[in-house]
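Please go over the structures that come below.
Next, two complexes with chain A in common: one pairs it with chain B, the other with chain C.
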Partner chain A sequence: MQVISQLVLDENNIAFHPMMGNSYQLNNISKEIILLLRDNKSKYEVVELLKERYDVSYNELFIDVSDLYSKLRVYGLMV
Partner chain B sequence: MSKLTYEKPTINKIDFVMASKYGSPIHTQKIRTEIDGISVNELTEKFGSPIFVFSEKKMEELYNNLYSAFSSRYSDVQFGWSYKTNYLNEICKVFHRLGSCAEVVSEFEYQKARALGIEGKDIIFNGPYKPYADLKIAVQEGAKIHVDNLFELDDLEKIATELDIVISLAIRINMDIGVYPQWSRFGFNYENGDAYEAIERMYASKKMKLVGIHSHIGTFMLDANAYRNATTKIMQLKEQVERDFKSEIAYIDLGGGFASKSNLKGIYQSTDVVIPTPDDYAEAITNVIYDLNKSEKLPKLYLETGRALIDEAGYLLTTVHGYKRFPDGKKGYILDAGVNLLYTSTWYNFNIETDRHYEGENEPSLLNGPLCMNIDIIEENIALPPLNRGTVLSISPVGAYNYTQAMQFIRYKPAAVLIDRDGKARYIKEVDDLSTVNYKEI
Partner chain C sequence: MRVAVSGLNNTDNPAPGIPVIKSISSKHDVVGFSYDPNEPGNYMSMTEKTYLMPYPSLGFEELKRRLLEIKEKSGVDAIIPNLDAELPLYIKYQDEIEALGIKLCLPSAENFELRNKNRLDVLCEDLGIIYPKTHEVSSISDMQKIVDDGNQFPMMIKGNYYKAYKAYNMESAIEYFYKISNEWGFPVLVQEVVTGDEINLVGVGDGEGVLVGGVSIKKLTTTEIGKIWTGVTIHNDKLMSIAQEFMALTRWKGPFELEVMANLNNVYMIEINPRFPAWVYFATEIGVNLPLMVTDIMEGKKLSPMLTYPQNKMYIRYTGELVTDFNDFIKLLSTKEL
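== the complex of A and B ==
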């Protein structure tokens, strides 16, 4: 099971990882991205899906999603 | 269907240690939207980025506050604008308009003051290195020479002989004022008798006479008592000289060193708590003069304040060029201004403010400049919300020493803008270009 799938997400955008014992503060869009990652969407699919819903350029979104992935790796939530 | 407002995705590990009675650093944002009524975004759009911005209004306020603290206690006080602190012509002109004479420490600064129309008699010539030819010009033009060492006395004796005059001089002295490390590099030491011997040497030549005593005890002095101690020793020496050489010391000069509201690294209290007020400095100095003056006339009091009059009036506006995520998780922003423009970043933690409120939580970030040098770090650990490419950051206070010591290194030295008393912004120095860099190359 992917580590990201082990995160418990609540309605206040708090995520908790039971095995690591760590809690994380998310915002709406990072929560959406984590849910898409759980559905095994590729980075390009994530960016395309979000681009359709949000008022943002593809390039800015791509950099920001890449940045979130880097941070998830730093936290050990993604490989 | 209209699209949703975008907010950059963020995730931050919750560190319960950070919770305290002082509030959470996660949500605090420091914001500066304008300087003297002009939007920081408008300033960078119109004048470029990075750019130094100076507020004439703030300079006036700082000058008037300090001047009135002294003049309300002591009638014969004269400020000398410390050119090395910021010698952009228009900045010097502001302080000359307010009433300052010039305080210079090199031939180049001396020439700058003369080019601005300041007469020799209104220039204080300090510093440990005064080349003979320049010293001679300063003597001929009646500048106030503050002697630093015995070699300079020899030069002055020779100049006096050449010109067949008696030169009126001031002597720079250093002393133990209770603040360590002691500044003993400049001038003659008071306690070990070097200063007195140098004065004897002056009078023995019959070509020089002492009219002033000067000291500059240090920089960013956080204890007003240090000035009390310095003034005490200056007044003691004054009395001794007036008695032994039957000569009037017309002025004393306490130099500069008053602190600005900068956050000195290693000091964790608010600047409002640790920085003495103008009244603290003024009281420390003037009370001692009144107490110890033995001659009929009170000496004229000179001050060479630089930092405390300009630092808080200066900002550096810089723009976010991009960012990257470092392997340790920190977000590293690439700015268009770096340590080449912020010489004082070694000693001070700057106030760094964003141009508006940004959605999202703060996260540990690092501010890097544009130089291809690993040391180009403006701020190593700052909590910032997710910023955009193009976000304008205001860095302050940077009015003192940063422009004069800014290096033309890798990038062109930036422009400087003055916002005048009417709130109008104008260039006071344009951005350098290749011709500036190549000028004088052969």
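== the complex of A and C ==
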């Protein structure tokens, strides 16, 4: 199971990883992206869905989502 | 039962005694065993009586003589020894102490030896987990040889019982070698650095291969000397399985603490302590009363494993103060009891 599925998300945008005891501060959009990833959406699907919800260019969204992907990998939350 | 508990220091480097007393005092009468009149636990009104004990270095005959005196005065039924320095004596002579009519709940001498840092690699191999490559050294030339053999910095320079430093070059390795050996003696251990977060598990084995209680935590902040300040409960299935396999393999009896480094792929064994850690009251407060399990085992009760506990519980250690009569200190110093 991806670690991202094990994260406990709270109303203050804190993600807690119960296996390792680490906490991460998210913002609203990163929390939204994590919830989409937990629904098994691909990176491209995430970008498309965000584009429908926000008035931001596809390129900008793609860069930002890719940036979050990198961060999740750095913290060992995604393979 | 009337249970004697040692480890009454409760300063910035607290021993496990006070948390153990807090865990069992609703069910048992408690007597304190102290090695120093300065220990705060002597004055916290948590024991019926406190006795100064002979230093473990004086050997078993001194301990036996003192235990017989105390048994006659206070009718002690059981002892929970909590200090590294005294455990070898209690473990080696547990049959003799039990013959005095005093119950213990301790691992066998063989199991105690198995978790020594210089033998932990063998146990880890049997448990199928990784123990970072470790060398015993007694001189600078031993350490130089390790580097010459192709091992690279950074390396952990550790005492056999206490203290660990990360050395990034030979110069700092030599500094730490002397620092540790001057304080803690030999051998000094040189260990491969592993990446991950330190996580810990406190547990109790029933001596028949079953882990009857266990709680895992992550230390969030520590004091300057590495003692927990804040921590949070975690649920790490790998760590719990290791603890269960450790019990099944060794039939460990009594308390223990596993210290491991974990990342998402591996768990590396760092240390197995054969006693409660000083944060054991964290487990008690979230419903897993491990010290009480120890007294239940002493009384021959059959325990069902208790391995579940709430998530996201936080532990916060804080300081306290009390004022007592200086005469109490003098009395303990001169009569060896209070």
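Simple rule for what comes next: the second predicted complex is superposed on the first by the 79 of 79 C-alpha atoms of A that agree within 3 Å, B and C clash if a C-alpha of one lies under 4 Å from a C-alpha of the other, contacts with A are read in each partner's own complex, and residues count from 1 in each chain.
Convention: a contact is a pair of C-beta atoms (placed from the backbone, for glycine too) under 8 Å apart; a residue touches a chain by one contact, two chains touch by 3 or more.
These figures come from a predicted structure and were not determined experimentally.
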Quick one: on chain A, after the overlay, do chain B and chain C clash, or do they fit? Just give me the call.
-> fit
Tell me which of chain B and chain C touches more residues of chain A.
-> B
Degrees between the directions from chain A toward chain B and toward chain C, using C-alpha centres, nearest 10 | 90
Which partner does A:8 reach: the first (chain B), the second (chain C), both, or neither?
-> second
Determine, under the contact definition given at the top, whether A:27 touches first (chain B), second (chain C), both, or neither.
-> first
Return first, second, both or neither, reflecting whether A:47 touches chain B, chain C, both chains, or no partner chain.
-> neither
Counting only touches as set out at the top, which of chain B and chain C does A:37 meet: first, second, both, neither?
-> neither
State whether A:70 touches chain B only (first), chain C only (second), both chains, or neither.
-> first
Examine A:19 and indicate which partner it touches, taking first as chain B and second as chain C; both and neither are also allowed.
-> second
Least C-alpha distance (whole Å) that remains between chain C and chain B when both complexes are overlaid | 7
Chain C-contacting residues of chain A that also contact chain B | 22
Which bits of chain A are touching chain C when the two form their complex?
-> 3, 8, 16, 18-22, 76
Which bits of chain C are touching chain A when the two form their complex?
-> 197, 199, 217-218, 220, 231-237, 262-264, 311-312
Inside the complex, what are the residues of chain A that reach chain B?
-> 14-15, 22-30, 33, 53-56, 60-61, 64-65, 67-68, 70-72, 74-75
In their complex, what parts of chain B are in touch with chain A?
-> 2-14, 26, 323-325, 327-329, 331, 359-361, 386, 388-389
